[in-house]
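In order of appearance the chains are A, B and C, and numbering begins at 1 in each one.
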Amino acid sequence: MRSKAGFAGFVVFAALVLIAVVGPLFTPSHLATDMTAVYLPPSGSHLLGTDSEGRDIAVQMINGGRPVILVGLLAGAISTLIAIVFGSLGAYLGGWVDSAIVSVTDIVLTVPQIVLLAVLASLYTLDSPWVLAVLLGAFAWPYLLRSVRAQVLSLKEREYVEAARLLDLGTPHILFREILPNMATFIMMNFVVTMTNAIYALVGLYFLGLAPIVDDNWGAMLNKAWTRGAVFYSDSLFYVLAPVIAISLLQLSLVTMTRSFEEILNPRLRQS
Amino acid sequence: MKPILSVRDLAVEYRTAAGPVRAVRGVSFDVHPGESLALIGESGCGKTTLGLALLRLLPAPASTPSGEVLYRRRDGEVVDLLRLGREELRRFRWSEAAMVFQGSMNSLNPLLPVRDQMRDTVLAHRRMPAAEIRRLTEDVLRKVRLDPARVLAAYPHELSGGMKQRVLIAMSLLLDPQVLVLDEPTTALDIRTQRAIVDVLRELRERLGFAMIFVSHDLPLAAELADRVATMYAGRIIELGGVRDIFYRPRHPYTVGLLDAVPPIVGDLPALVSIPGGPPSLLDLPVGCPFRSRCAHAQDDCAAAEPGLEQVGVVHTAACYHIVPADRRVIRGEDVTNA
Amino acid sequence: MPDPLIVLDRVSHVFAGRSGQTRAVDEVSLELEPGKVLCLVGESGSGKTTTARIAAGLTRPTAGTVRFQGTDIRSLTGDAATGFRRAVQYIHQDPYSSLNPVRDVFGTLAAPLRRHRVVRGREEVRRRALELLTDVDLTPPENFLGKYPHQLSGGQRQRVAVARALTLAPRLIIADEATSMLDVSIRISLLNVLLRLRDDRGVAFLFITHDLALAKYFGWHGTTAVMHEGRLVEHGPTPRVINEPAHEYTQALLAAIPLPDPDRARPRAASW
């Protein structure tokens, strides 16, 4: 890989994912409250100290990655899938199909995300990660769809697409084997951006208390840090810093990783 | 007569991701005042790079690691263009030598009328009062057979391809240069427009007497416009001679191949052959003659070392160990003897 | 005399522009016979490309009909429509945009072979692809299967485009300025490949060009039609059109062609 930054991003991302996925196998899944050990500074037995309930922060960090990353991934995948399928179909087929898809997209775009989430949160308990992923995904796809649609509109005028039509290769083949592979980097990057946005939105939800806290996750830690006043004491700084740094690292590694995408996905750059 | 431009061992190198590439590998030629030289070759031979290098118009990744471009100024002094300072170069360009680029039709600013672009060109190199600029621009447009009243106020998109090309030729003549360099002056133009441009250029040369260097892949164009022709291959000149030498007595197999590949418009149906294979990669040039792998006359010694330009006629050189015999060239069903 | 493959019957293409209507194609009638070459010559704006696209069924004429083996192509459906599509293929001018950059040569050739079940099984598809590459003089063919377009020269790309057009055994190939962007020394070899296809496989050609000299070489045993501002001004056997042009526009075109002969080109005695 020629891009050092991209490779570094990938390594960090892989490490975070590894810790988040494998780590919880080695840590206790349920930490007991210990009021004698509240806000302990970092030490041998508590690497990052303890929180307001005397629970080990490092353990929470390891346990807390998975929900955030998982939901982020799911939300990214759902919205990217919707955007690709409908965006490319609309752009390629044109006509009433395209008009219908664009209209629906525009309507969804006008809906204010936070407000709707707040309303839903008051009506339902948004505890399941699947529900959260679907919700976040449902808000992200309109922007993505417009992008995908614009790209496909441009690519479908290319001569090799016309040649494929002349050879009667059929719409599904043309879309999925001729046009979309030329958008591979574009799609991957959009997926990454959507995922980072979903993660921010998710952390925001927890932070604002719109999503109930059922397990230790990074967003929940931030919420508790804020509500329990951990930000005001130097002893409890890690309670706030750890999740912030972890989330930032995750986003940064994701975005930096995209620098290598072009290399991997574009055959022109792979071979000389 | 002393030459107005002397190129000696010019080399141009591009920095690429795969390493340095020599697009021009040691080119030498002279151009005399009022003379017209054609640089003929196909894609990748280095002719455009050479054309740009003459006026130091190469883009950033290119450099000229060796060679000289000696120019005799109007005051008689000879300077090496490659060593000129920035200010001197600015004064040199346009008033001593000017260039008409490839795809010129797209070099005009679509947002400005022609009048403004011509005025800006003049002002970039000279101070001149507005009235004089106007007179000059009208004058030069008439020289290329354009109506100033129609063209000066127009925007580029209102002009045809041929008109735009003529505007650019006119612009290059604004400060009365001694040398004009043109890169593919007729490519992408319709055949009748090409004919008009050729006629305009011929007429201008007769009236104004400037020396002309033009780069092209179109060999018949050289027959129309050139006094001397250089054919280029893999970054070098492989044959150089008077226009009649090249067309009637070509000695290098590549030149012969190029001539044989031109479908003749007159006469019966000929059996045309093209040159097999393709040009070598400049990143990985073979040892010996670079044309060897495509040459029907190649022999063992061609692989040993690259041939240099050797005299094959009075003012005619070719870089080949086994030059094609100077037989009669058969053109259009008639024998053309060596005059 | 066998029935013509394609008949253009008073075909017109008019579109409304800013300054009124533009007749890009004005009542053009042509017949394309099996196994024969028809060269369509004209300058830019003559309507030759639009006419070619109408013949290929890529553009719909605003007036007149296009008949394939006697039937109006607009009324073709189902198998008959597929039959037309397979019988009439197109080669674009620009070899740098007519091949899909993310597909290698094998992928480009295999797609139509598989889709239309010309051959079955990976081995058969590979064998047929090698045959096609040999037919267009890309030898040794094994070397080219895995190559991507950016690894091929312009001439090689055009040959792949021809091979692709041959996959469905067409009866007519429409070549739109197929040699304009190639080096002069390579043009002839591509034309020789096409001529061989005419001789060996009986493929008919509609050859669009602005170069009368090429039209003469390629269409010597066929016919040449000259277009000017949308109208057909001359049409006849190629030797006659070239040597005894009847219309003054054809004469003007012929007079404009530069001759590779310095003494004829410049009457003045050259001192060099």
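By our rule, a residue touches a chain if its C-beta (ideal position, glycine included) is under 8 Å from a C-beta of that chain, and two chains touch if they have at least 3 such contacts.
Everything quoted here is computed from the prediction, not taken from an experiment.
*Asks:* What's the fewest number of moves from chain A to chain B, given that each move must go to a chain touching the current one?
*Replies:* The fewest touching-chain steps linking chain A to chain B number 2.
*Asks:* Can you identify the chain nearest the overall CA centroid, using each chain's own CA centroid?
*Replies:* Going by the distance between chain centres and the overall C-alpha centre, it is C.
*Asks:* How far is the middle of chain A from the middle of chain B, if each middle is the mean of its Cα atoms, in Å?
*Replies:* 57
*Asks:* What is the distance, in whole Å, between the centres of chain B and chain C, each centre taken as the mean of its C-alpha atoms?
*Replies:* Going by mean C-alpha positions, chain B sits 32 Å from chain C.
*Asks:* On a C-alpha centroid basis, what's the spacing between chain A and chain C, in Å?
*Replies:* 50
*Asks:* Provide the list of chain A residues touching at least two other chains, using ranges where the numbers run on.
*Replies:* none
*Asks:* Please give the residue numbers of chain C that touch chain B in the complex, ascending.
*Replies:* 43-44, 153-156, 183-189, 192, 210-214, 216-217, 220, 242, 252-263, 265-266, 270, 272
*Asks:* Could you please specify the touching residues of chain C with respect to chain A in the complex?
*Replies:* Interface residues on the chain C side: 56, 58, 82, 85-86, 89-90, 92, 94, 97-104, 111-112, 115-116, 148, 150-151, 161, 164, 167-168.
*Asks:* Help me check something: in the complex, which residues belonging to chain B touch chain C?
*Replies:* Checking each residue of chain B against chain C gives 42-43, 161, 190-192, 194-195, 198, 217-221, 223-224, 227-228, 242-245, 247-248, 257-259, 261-266, 269-270, 272-276, 278, 315, 331-332, 336.
*Asks:* Which chain A residues qualify as touching chain C in the complex?
*Replies:* Touch residues, chain A against chain C: 158-160, 162-164, 166-170, 173, 177-178, 181-182, 184, 266-268, 271.
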